[in-house]
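Labels A, B, C and D are assigned to the chains in the order they are written; within every chain, residues are numbered from 1.
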Amino acid sequence: MQTGYVLLATIAVPLLTALALTAVPSRYPNAVRVIAVAVGFVLFGLSLYAFFAYQVADGEQFQFQLRWDWIENVGVLGDHGITLHLGIDGIGAPMVLLTGIVAFAGTLISWKIDYRNKDFFILFMVLVSGVFGVFTSLDLFFWFFFYELAVLPMYLLIGVWGSSSVFPTFARTKEYGALKLTMYLVAGSVLIFIGIFAVFVEAGIGTFDLLALYQVQFDEDFQKIVFPLFLIGCGVLAGLWPFHTWSPDGHVAAPTAVSMLHAGVLMKLGAFGIIRLGMQLLPEGAEFWMPALITLGTVNVVYGAISATAQTDFKYMVGYSSVSHMGYVLMGLATMNPIGVNGAVLQMFSHGVMTALMFAMVGALYDQAHVREMSIFGGLAQRMPRFVAFFAIAGLTSIGLPGLSGFVAEFNVFVGVFRTYPALGALGILGAAITAVYILRMLALAFFGPFNERWKELTEMTRWEQAGGALLIAFILFMGVFPSPFADRIAESVLLIPGVR
Amino acid sequence: MEAVAQQIPLEHFLVLSAILFSLGVYGVLTRRNAVLILMSVELMLNAASINMVAFAAYAAPERAVVIGIVFAVFIITVAAAEVGLALAIILRVFRNRGTANVDEVDQLKW
Amino acid sequence: MGMTDAWLLPVLPAGAFAVLVLFGPYLPRRGDWLAIAAIFASFVLTFPIIADLTSALAEHGEEFVGAANSIPWLEVPGNLELRLGVHVDAITVVMLVVGSFVALMVQVYSLSYMRGDSRYGWYYAAMSLFAASMLALVLADNFLLLYFAWELVGLCSYLLIGHYSHLRSAAEAAKKAFITTRLGDVGLLIAIILLWRDTGTFGIQEVIAAAQAGEIRTEVLTASVVLLLLGAMGKSAQFPFHVWLPDAMEGPTPVSALIHAATMVVAGVYLVARTLPLFELVAGGPELVLAIGLFTAFLSAFLGLVMTDIKRVIAYSTINSLGLMFVALGVGAPAAAMLYLFTHAFFKALLFLGAGSVIHATERQDVNQLGGLWSKMPLTGVTFAVGAFSMAGLPFLAGFWAKDEILVGALENRVAFSFLLLSLPVTAMYMTRLFILTFLGQAREPEVAKHAHDAPLAMSVPLALLALLTLVTGLVVFDQVGRALGFPGGIGELIFLGEPEVFHFDTGVAAASSELVALGIIAGWFAWAVRPELPQRAAQAFRPIHAMLVNKYYLDDFYQAIIDRVVLAGSRVLAWFDRNVVNDTGVDGSALTTGFMGYLLKFQQTGKLPNYALAMVIGVVALALVAFTLKT
Amino acid sequence: MPEELNLDYSLLTPEFCLAGLAALVFALDLFAPRFRKEWLPYLTAAGLVAILGLSFGWANKESDFAGLLSVDNYTTFFRVFFMATAAAVALASAQFVPARLRHPGEYYGLLVLSTIGAIYMAAARELLTAYISLELLSFSLYVLVSYAKFDPRSNEGGMKYMLLGAFSSALFLYGLSLIYGSAGSTFYADIASAYAGGTEEFDLGLLMGLVLVLAGLGFKVAAVPFHMWTPDAYEGAPLPITAYLSATSKAAGFALLLRLFSSAFLPVLDDWQWMFAALAALTMVLGNLVALQQHNIKRLLAYSSIGQVGYMLMAVAALSSATASALLLHLSGYVITNLAAFTCIIAWNNLTGKEEIADFRGMAERAPLLAASLTAALFSLAGMPLFAGFLTKFLLFQAVAEEGFLWLSVIAVVMSLVSLYYYLMVIKELYISQPEEPGRLPVPALVNGLAVALVVGVFYVGIFPRHLFEAAQEATKLLFA
């Protein structure tokens, strides 16, 4: 049976946990850990339930709906006030599941955090709550509320638990990374904020409820003007070129779990926003701007892949590969045809799980070795076979190897793109080939070849890291082998996006 | 009242008060001694009270005449209080800094 | 168990792979028996399929295009339907037999060859996956599943070539193989999508039918054919993608045998043979294939002469053979190509396994350190000789028939024919050289040779079986012999799609080729057995040519240069641009500008009271002025 | 001026009580040597809270005293508002005053007296009353700002504030006189009816009057370019007084502005709307940009408050019942937040004697609760969700955009992005930088309690704004009746 309280729980549980954790004396770090992991598991279960209880083909676009009048009839907002309106469609469902997975894996991975782990988990939970909120809100105000909420803890999470790095030619302190990330994302949200104003005023029905606003037929010129606000505002978070530079630096500075959640889920918020606010609210504007988006998306793919090839630092490489892979999402969205958009959403899920796994592995290595320079490792396969296996699986997923989630998603994207823009599609596939270059180069450089004795004290991943990794891999394979549970949910809702045909 | 009115039109009072007011502003802007600045402010206050009385005598409708007068009285009182307060503070500054020149009292800036 | 149940063949080894990966360490003997059992079952299961096919052929004869059976996998609105399905016809069956049999042999062989390897269990797991994906590849009834398996084959080759991952060279070779073939795969994927775009289906037969019905625009068809060929060239190591194959020797020898004989490299040939109708629809399509094949065969032949690593020589011979197969396809004789593929599988596997047992016995693979092993390891020697001369094309060995078939096919095309004839003696020469240097003459490292001995049973049996097949497969092309061997209707009938008479045995061609081969062998014998100093002198005499050959026409260096100078350098430039221009200037710059504005503005706070008052006055005056101007 | 005056003194009970309280405090300090001075703040706070409770008795009543002071929901709202603020400041000063200042009695007494002034600024419906109450507030503040009599910075701040204040009130008065001249009355209602004709004909007196009144009140609320005193006075003043300045004197200014312009000058809206819009834009931009360059926490908050004033001025520019209630909401949220921030800063200053931003480093290690509260407050000021700032800003900007001032809202949003930067800079010191010496600091339980209470308030406004919002609406409804 479907009840919106499931979604409400995904938002409320982390928040309440954060509140409860403040009561736990910091003398008992293990209690904090246990609570965090338990809550992570609960969230995972909830999201799993939400995903599978979502009924395909029952006519209802948004399911699990829940409404709670937050402020009624306030003068500013006319008679409707603000309503907390939750609900997911076939696009939201996989995203909720993704969040659950990554959040759970994140808590597992973060078991080993010792420095003020209580504060860490408090902020982490706030972050998780915000992410769930964005994916489930059907109300502009709360959408934006949770969007900001997801950005809010980032600064401290990175600044306090992050790591600075010095390179031969330049240095990136964690403060810099944290600051740039926060400011950049909030800058993006400024555009969204303005867009929301514009939409609210233009609609003139005095409500933020998305379902009501979807019914409004906005003037075409208005759409053309406002859509870029949403596109760029959300695009910043999605790593849209040239607004992507917060992503590599931010990931490099961020602690493992945060990188996981950030690259894995937060960047999806951007793409999700482009769908929810952009395409669904302003279809004609989307129609008008999509050529620009697909161009930028292609730039993302190739530019990100090439930059990743040049990186010598694990996290930078993964960061740029995220930029590159989000490019596929943007390309898919820009096709405005069912296959492409479907592929985009599949890619959102696939990349989320895959990149989370990659960051988890990088973190697992970094916490032992305290360096991330690929070239100084070597032959780790002999010392930490499981670690290398996990890493390799993540890498192969990002290459788009059949049988792993990446292939299904990227294939859909390519097919969709080829329908409308064959040349760009070819470029996209070329990007996938470049991906193979840097991934395999990394594997050969760091994990194979003769073992570097300097690392003989390195040991296999901890039990918790293995658990988290295994969880992610399970879903990589699940989607790679049985994509239809995802595709069915997504495709149904994709067809309901106006302008997608 | 009427008698006066015939002889001196309202404008004269207004011009006078305006001149006073401007003088006051000028003083505030040019004087460097805190006390003199205070005096200039007093000029401006007086300009205001002249206005009040003048308007009360000429422009104001019957029932509002008293207001201007009362206002003027209040202004005078307040001004007096103001001076007392200001001098006290200026005194403190002079004690601690040995000067009442406002250009030298610029420790707080930027 | 009919043709439509053929999906079972790949599923068995795949299951074995899953079990081995998950529970391998807990199984007795790391579960190698499970892998072998699975592949053996697949091999056995091919026979009922053959029977079913032959009966179907007998029933329908000509118009039988094969049996298909598929299940939906993923459906997306917008007419994207992905299915998993098998399609069985003659070509498929040949590939099935070859693939499963060679895989079985190799795995048995590995029982003792890989014994004691630290990742023994993993090795068998990967082997199973390799076999599974290869079988799936040949069974695929649609391009998508084909690509699916195609990529998995690539992955397995990556895993197995890099099996000795502690060797830098192995890691590099694996990477090289994967990336090189993947470049081709880009083409393949694009081609698949292009074809889907015009036909709306991924089914191979449907696409071909649509193409023949002219439903595909010409330019699209041309493009997709070229791109398909790109993919095939990548996998089948055709020039200029051939560079990965010799390096792939870094893998364990049985792996090389599997990759070169039956699985990976022939995938490209299979793909082209499958889609040959498409090529024929495109003007110049076959010619392109022919040219590439010819070029590859010819270039690789000479390299065999100078290589000193025993496995590398065989590797170049493989490239040589692959070139021949492409030539056959190019001249429109797919039957010949498949026949060559069939026979080649056996003798090439034989060669590698033989080389393997030599390496196993001596732990040397440079022919300059070998020699005089004939007496020490007779079985290996004999079988190796059979393989070598079959490769050389000595009459009545398997290679002979197949090559003659190709020659006959190429008869019309004078240029191709003459080039082929030219390459024959060269091939014969370097195979002879290899055999002589390895087994005859004096042992160059006596103490090594002293301990050399024939391989244990697990290795000898496959050698013997393969040698036997190499001797007879040539004969089974005559369908009577095939029948005698228990394939009802004879393999010939299968290969030639039910009409053995298409096998034209032209005595003239046969005589010519035999003479050339004999010439080559004698020359080789003279050069390396009778007058061993001759080659060195030749090398001295034609130093530049020799240098060029030794350096593989400098192709590898060229590619390396491209990667280092162009790709990596370019990417570094871009990364620099991203960091310094996009980020430090664009992003940080705007932030700094804002901050600087604040810096300038803060000086309005002079700390001097009159200025404050002045500011207020200015404010008043400005407001008043604007107000007046607005009002009047 | 109404015909028969309603001289019902009971309407003014709360203010009488306040006066009494002030007197009591003075007296205790003077004549009761045995009385423990440490108790004064608690006594004051208790008294204020008691009177605050008392003043609820006039909720939803609508009456006026002699046509000079109206006692309605608007007044009640601000009565509660100002007394609560004063109480909080009194409590926050509990440790500060004995350590840094002399004569606690006058300190708290003036605090209470200034509260009366502030309340009457909100209640006044007649210009003279407004002026007198304004001066009552100002005079108390002049004294309080320069209260640290041996601290030259305090004197300087006091002197600048005092002299400029006098200057501005002179401008204000002159403006009033002109208004009186052109409107013929000083009662808001009469002025409104006098201008009912609208703004067709050119009226010098009215225009100059408006400009000058704007200047005077702009000075009070620290609107650019009348803000110059703010940073210096804030920096010079004793910390609790800085808090008080940023809370009460601003709020009182807006209370007066709102009632005056929504009742008296509403007919001539066109004449002053653009002025407020311009000032608002200037104020936002300058305040936030200059704040980027500050290194003293008081100065930083001074500029940030200027920025906030810019947001509020937008609401006056786009005056409507919606914006008015949004303004009150934002004002309340802002004041609660600011008080929370200052409580933490004061406590830190008591413990370390530092007030440079860099001196806050490692606060999270040494006083975790304070650091958390301060962070919450700063995030709220930056307009982050869960906190008051997000909601109030959102509704305020939204309302302004609704009224057709989208461009102002855009500037505001961008500027609040800028503001996030300097708040983050403080948070960075709190959490990321390491403390120069380790070890927890002994934070008094009461201070922690106060901080937590205020932060809870911040969350309350941010998450359950309903009640406050309804109150704000009730308060502003009658302005536009």
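The rule is short, and it goes like this: a residue touches a chain if its C-beta (ideal position, glycine included) is under 8 Å from a C-beta of that chain, and two chains touch if they have at least 3 such contacts.
These figures come from a predicted structure and were not determined experimentally.
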Between the pairs C-D and B-C, the one where more C-beta pairs touch: C-D
Centre distance in Å when subunit C and subunit D are each reduced to the mean of their C-alpha atoms: 79
Inter-centroid spacing, subunit B versus subunit A (mean Cα positions, whole Å): 65
For subunit B paired with subunit C, centre-to-centre distance based on mean C-alpha positions, whole Å: 99
Separation of mean Cα positions, subunit D and subunit A [Å, integer]: 42
Where subunit A touches two or more other chains, by residue: 183
Multi-partner residues of subunit D (each touching 2 or more other chains): 159-160, 163, 167, 171, 231-232, 293, 421
Contacts with two or more other chains, residues of subunit B listed in rising order: 28, 34, 37, 102, 105-110
Interchain contacts, given as pairs of chains that touch: A-C, A-D, B-C, B-D, C-D
Of all residues in subunit D, those that touch subunit B in their complex: 1, 128, 131-132, 135, 139, 142-143, 146, 149-153, 155-160, 162-163, 166-167, 169-171, 173-174, 176-178, 180-182, 184-186, 190, 231-232, 235-236, 293
Residue ranges of subunit A in contact with subunit D within the complex: 70-72, 74-77, 126, 130, 141, 144-146, 148-149, 152, 155-156, 159-160, 174-175, 179, 182-183, 186-187, 190, 193-194, 197-198, 200-201
Parts of subunit C lying in touch with subunit B, wherever the complex brings them together: 602-603, 605-610, 613-614, 617
Touching residues (chain side subunit B, partner subunit D) in the complex: 17, 21, 24, 28, 34, 37-38, 41, 44-45, 47-49, 51-52, 54-55, 59-61, 63-64, 67-68, 70-71, 74-75, 78, 81-82, 85-86, 89-90, 92-93, 96-97, 102, 105-110
In the complex with subunit D, residue positions of subunit C that touch it: 591, 594-595, 597-599, 601-602, 604-605, 607, 609, 611-613, 615-616, 618-620, 623-624, 626-628, 630-632
